[in-house]
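Chains here go by letter, A, B and C, matching the order in which they are written, and residues are numbered from 1 within each.
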Amino acid sequence: MARSFYPAEHYAPEPQQVSLLPFRFARLSGQELLVNEAGEFLFAPEGTTQSLADGVVDVRSELYKDLKAKHIVFDDTSSPLLDVLATKIRTKYDHLSGGTKLHIFVVTLRCEHSCHYCQVSRQTATKGEFDMSEATADRSISLMLDSPSPHVTLELQGGEPLLAFDIIQYIVPRAKEQAQLRGKGLDIVVTTNLACATDEMLTYFRDEGVRVSTSLDGPAFLHNKNRPRPGNDSYERAIDGIERSRAILGFNNVAALMTTTAASLDHVEEIIEEYVRRDFHTIFLRPISPYGFALKTKTKTGYEMERFLEFYKKGLNHILAINRGGYRLTEIYSQILLSKILTPQGTGYVDLQSPAGQAWNVLVYNYNGDVFASDESRMLAEMQDWTFRLGNVHRDNRHSLFTSEAALNMFEVSCNQSLAGCSDCAFQSYCGADPIYHHATQGDMYGHRPTSGFCKRNMEVIKHLFAFINEDDPQTMGIFWAWLTGNPLPVQVAKCD
Amino acid sequence: MEIDTQSPLPQGTVTIHVRHDLVSVDALLKTCYWFSRDFVCDVSRDSEKQSTVRLKPKAGSDHPLDEAQEQFMAAALDFALRERVTVQTLSVRDLLLAKAFSESGVLEEQPLGVFGDAVEEAKPDGMFKILSNS
Amino acid sequence: MRLTTAGLARNMKGAVVGRITTQDLPFHDRTEHIRFLPEGIEQSSDLSGYRAILSHDDVVTEFPVIERLRESDHFRDGDVIVMEGESGFVRSLYRPYERHHSMFVTERCSSNCLMCSQPPKDHDDVESLTKRNQELIGLMRPAPDYLTITGGEPTLLGDHLFQLIDQLSTALPTTELHVLTNGRTFAWPEYAQRFAAVGHPNICLGVPLYSDCAGDHDHIVQAKGAFDQTVAGLHQAARNGIRVEIRVVLHRLTIPRLAKLAEYIYRNLSFVEHVALMGLEYVGYTPRNIGELWIDPFDYQAELERAVNSLVMRGITVSIYNHQLCVLKPSLWPFAQKSISDWKNLYLPECERCSALAECGGLFKWAVKKHSEHIRAL
C-alpha cells in the first residue's frame, strides 16, 4: 500500500536518442548564440552547435538541461511539447492577424517647409490642387474599414496636414461614424510640424480625441537646418506648438519623433538633451531615410551607415546614463528589438516584420486616391517610380489591391525566412524584410544582403543589444525591462554581501 | 580537419581549395555570397570532390587580405554546420509551422503517459479512459 | 490550533456535519447545529432537534452523540465540524474567525511529491468526502473571502469536483476559489473545457512547477511524464480562460535552477497571474526525505533574490510564503506574506524580543524539529 520513492535516474534516464529542434546560430563575444524557432535564445560555449550536430552533448550536464528548456533539443524521456512551441511561434506572428491596422491618409501635399529629405511637398501649390477630395476621403475611409482588423489607426499626414484643416474636419467625424457602424475601434493621430497650429485646431483635436505626433530633430540649430521655412523658425514654432498642444490635449497625447539627417550624426547627445529638456520620455533614434537625396549618392550609403551606427551606440549610452539618473527615457528602436529578443511577443512595427509590414500592416492613401504599400513607396512615386503603387481607391477594392501585381511582387520577397542571407541568419526572428528599401537603394526588391544597409544596421544594433544582454548588468537590464513593461525604473539599491 | 590553402599570390589574391566532403557546394556558395561585399569570388569546380575559390579584394574595400583566408574557411565550415542542422530538423520544423498556423485543436497531440492514481487506473471506466475516447 | 479529537460515539451511523452551538437555541433554529456541551456544564436543557450532540463529559441521551472527548477547548460557536460515527473522530472543517480556509476533497493523488505535506492514500474516499463537503458548503457562514480546494489531487474527483464548484458558485458567490492541483488532468482539452464550462466567476488554479527541466520536476513529484502533462495542462487551462498561478516549494532540489525556472515561466507560461515561492514544511513526507531536501533558507537568499528579481522585472507578481523575516534578505521583505495557516502557527523563544514580530508569519509548529540556524530577533 505504501508508495516507494525512486531516485533521480529513474525519472531522467540516459536518453536513447537525442533529437534537434530547429535553431540558428551565430558567433558572438567568444560564445555561440543559439536561437530557436520561436526566437528564444541561449548563450552557449563555443563548439556547442558542432556537438549538437554530432550528437555528442553530455546528457547529464546542466548545458543539456538548458538546451532542452530552450527548445533546442528533445529526447525520448520527455515530449518536445511541440504544441507549446507552436503556440509560441504563433504568438510571434501575431502581427499577421487582422490585416492592415495602420492607415495613412495624405490629406494634402502642400507644405510651407522645404525639408531637404522630403520629395513630396508642394510649397507653392494653391488650395485644392494637391488636396484630398471629399470623394477620395469617403472611399478611403470605406477601404480602411474593410480591413479585417477589429481596431484601426488613422494617421493624418501630408505635406503639412493642418494646411488642409477643413479636409481633416470632413474626415474625422465620418471616420468615427463609419467605424462605429461597422463595429471597429478607431484611433486617430495627426502628424504635423505644428508651425501653423492654432488653438482652435488643437481644441478641435482635443474634443475629437485626436492625438498629435510632431517632429523634433534636436536643438534649434539642427532642427532649423533640417527644416527650412520662411522665417527660419521651424524650431521655435515646434516648441511653441508642443507646449500649446500639451496644455490643450494633455501631456500624454503629444508625441515627438526625430528625423535623422547627415547633419544630425555628430550631435546625438545634444539631440537627446533637447528631448529631456522638453520633457519627452520617448525618443526614436531612427536611421537616415535612404529616400530622397541619399538615393542619389549610393556609394556613400555604407559610410553613412557606419556613422549612423556610431550615432546610435553613443546615443544609447547617453540615454542609459540618463535613465540611471532616474529620468525615464525610452529609446524606441532598441525597445522594439528588445521586445522581439526578450519577450514572447512579436512587434507591430511595420519596418521590422516578416512577412514585411508594408501593405500587409500599413496602407497609404494619397491625396489623389492612389494607394501605396508604405510612405516610402509614395515618395518613390514622386520620382516616377510606381513599383509599389497597389491601385487607387476609386478603382480598386481591398481584394484587387492585395492581388495587384505590385502587391504580389512584393509579397513574394517579403519573408526573410526564404531570402538569401536571411534564411540562415541567427537574427532572423528579430529582424524583418523590407523590399521597398532594397528596391530604392539597390534597384532590386529581393535585396543583396552583404551590401544592404538594412541588414548592416539591424545586425549591428542587434549584436550591440546582445552584448548588453550577455553582460547582464542588473541595472541596465532593469532599465530595459522597465521600457518593455512600462513599469517604473529600477531603484538604486546599495550592494549588500 | 583542414581546408588546403596556398599562400597569397603577389597580386593580392587569396586562393582556397575547398573539399566537398567537408563543405558542400551550397555552403561554399553561401560563403561566397557574404564575401562578395569585399571580394570578387571566382569559383571553379575542379572535380566532383573539390572546388577552388579565388578572392580578389574589391576597390574601396578595406578588408585585410591576410585574415580573409582564415575567415573564409571558418565561415564555410559554419555554413556546412548549419546545413547539417537544417537537414536534421527539416521535418519537425515543417510540423511546427503547420501547427503554428493551423486552427486550434486541429493538429494537436494527444496527451501521453499515465494520468491517474492507482485507484483510477484500476477502474474499467476510469476518467482518463473516458477522456481518451472522447 | 487543534483540528481533530475523538471520543465515544453512540447512536450514530455514518458522518454528521453541523455547526457548533453552546447555546440553548429555539427549536426552529436547531436543524443545522450540533449542540456542544463543554466540560463541567450542567446537562439540563432539552437536546432534541439538533443534528447531533457533542460533549466533553458523559451525557445521557438517545440522540446521536460523541461524548468523553479527549480535548474540547478548541471548539467555538460557529465552527463547522464533522463527527464520524464509526470511529468517534471529530474534525473541525471551518472556523469563521480564521484567516485561511480550505476544503479537503480527497487523499488520492496522481503524484507523490518528495516533500508532500499530505501524503496520498490509494483509498477511494471521493464519495464520502464529497457528501461531507456538500454539507459543509451549506453551512459555511459567514461566507469566507477565499477558499482553497485541496487534497490530494482534486481533479481525480471527476464530475464531483465540477458539482462542488457549481454548488459553491451558488451558495457562496462572493467567495474566491483557489484550487490546488498538479494541473496534469488539464492536459486533456475536454477536461479543461468542462472545467471552464462550470463557469465559476472567481476561480484560480494553484499549480506546482519545480524546474524548467522535465527530469528534475518528475523526480521531485515522483511521477513520469508529470512535467509534460503539467505544462500542457497549464496551456489548455489558459486557452479556456482559466486563471492560473504557479507554486514552487523551495528546497535543495529546486533552488539550483530557480532563476532558470523563472525565465521558463516567463517565456512559456506568460499567462500566469502570480508565482508563489514557498518555504519547505517539515511534515508529511519531508522528514523521510530531508537528506535530499534540506537547505537552510538563509543559505539560498542569493538564488531566491535572483529569481524574484527576474520575475518582477518581467512584470510577473511574486509572493514569498512561509519564510521568517530574519532569514530573508531585507530586499525580499516586500514580497513576504504572512501566510501560515492559523492552526500551524508558532513562534520560537527568540521571537518574543523581535521588533518585526507583527509583520512576520512565524513558523510552522513542526519547525520545532527543523528550522533555519539563523532565526534571531531583529
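By our rule, contacts are C-beta pairs under 8 Å (C-beta built on N, C-alpha and C of every residue); 3 or more make two chains touch, one makes a residue touch a chain.
Keep in mind that this is a model prediction, so the values were computed, not measured.
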Selected pair, greater C-beta contact count between B-C and A-C: A-C
Central subunit by CA centre of mass proxy: A
Cα-centroid distance, subunit A relative to subunit B, in whole angstrom: 29
Inter-centroid spacing, subunit C versus subunit A (mean Cα positions, whole Å): 48
Subunit B-subunit C separation of Cα centroids, rounded to whole Å: 52
Residues of subunit C whose C-beta touches two or more other chains: 120, 122, 224-225, 228, 232
Per-residue multi-chain contacts in subunit B, two or more chains: 108, 112
Multi-chain contact residues (two or more partners), subunit A: 79, 83, 87
Subunit C contact footprint on subunit B (complex, rising order): 104-105, 108, 111-120, 127-128, 131-132, 134
Interfacial residue positions of subunit C with respect to subunit B in the complex: 108-110, 120, 122-124, 153, 156, 158, 184-185, 187-191, 223-225, 228-229, 232, 239
Residues of subunit B touching subunit A in the complex: 30, 33-37, 60, 78-79, 81-82, 84-86, 88-89, 92-93, 95-97, 99-101, 107-109, 112
Contact footprint of subunit A on subunit C as seen in their complex: 112, 114, 120-122, 212-216, 218-219, 222, 224-225, 227-228, 231-232, 235, 257, 260, 264, 266-268, 270, 288-289, 302, 309, 313-315, 329-331
Parts of subunit A lying in touch with subunit B, wherever the complex brings them together: 19-25, 27, 37, 49-50, 52-53, 79-80, 82-83, 85-87, 89-90, 93, 299, 420-421, 424, 449-451
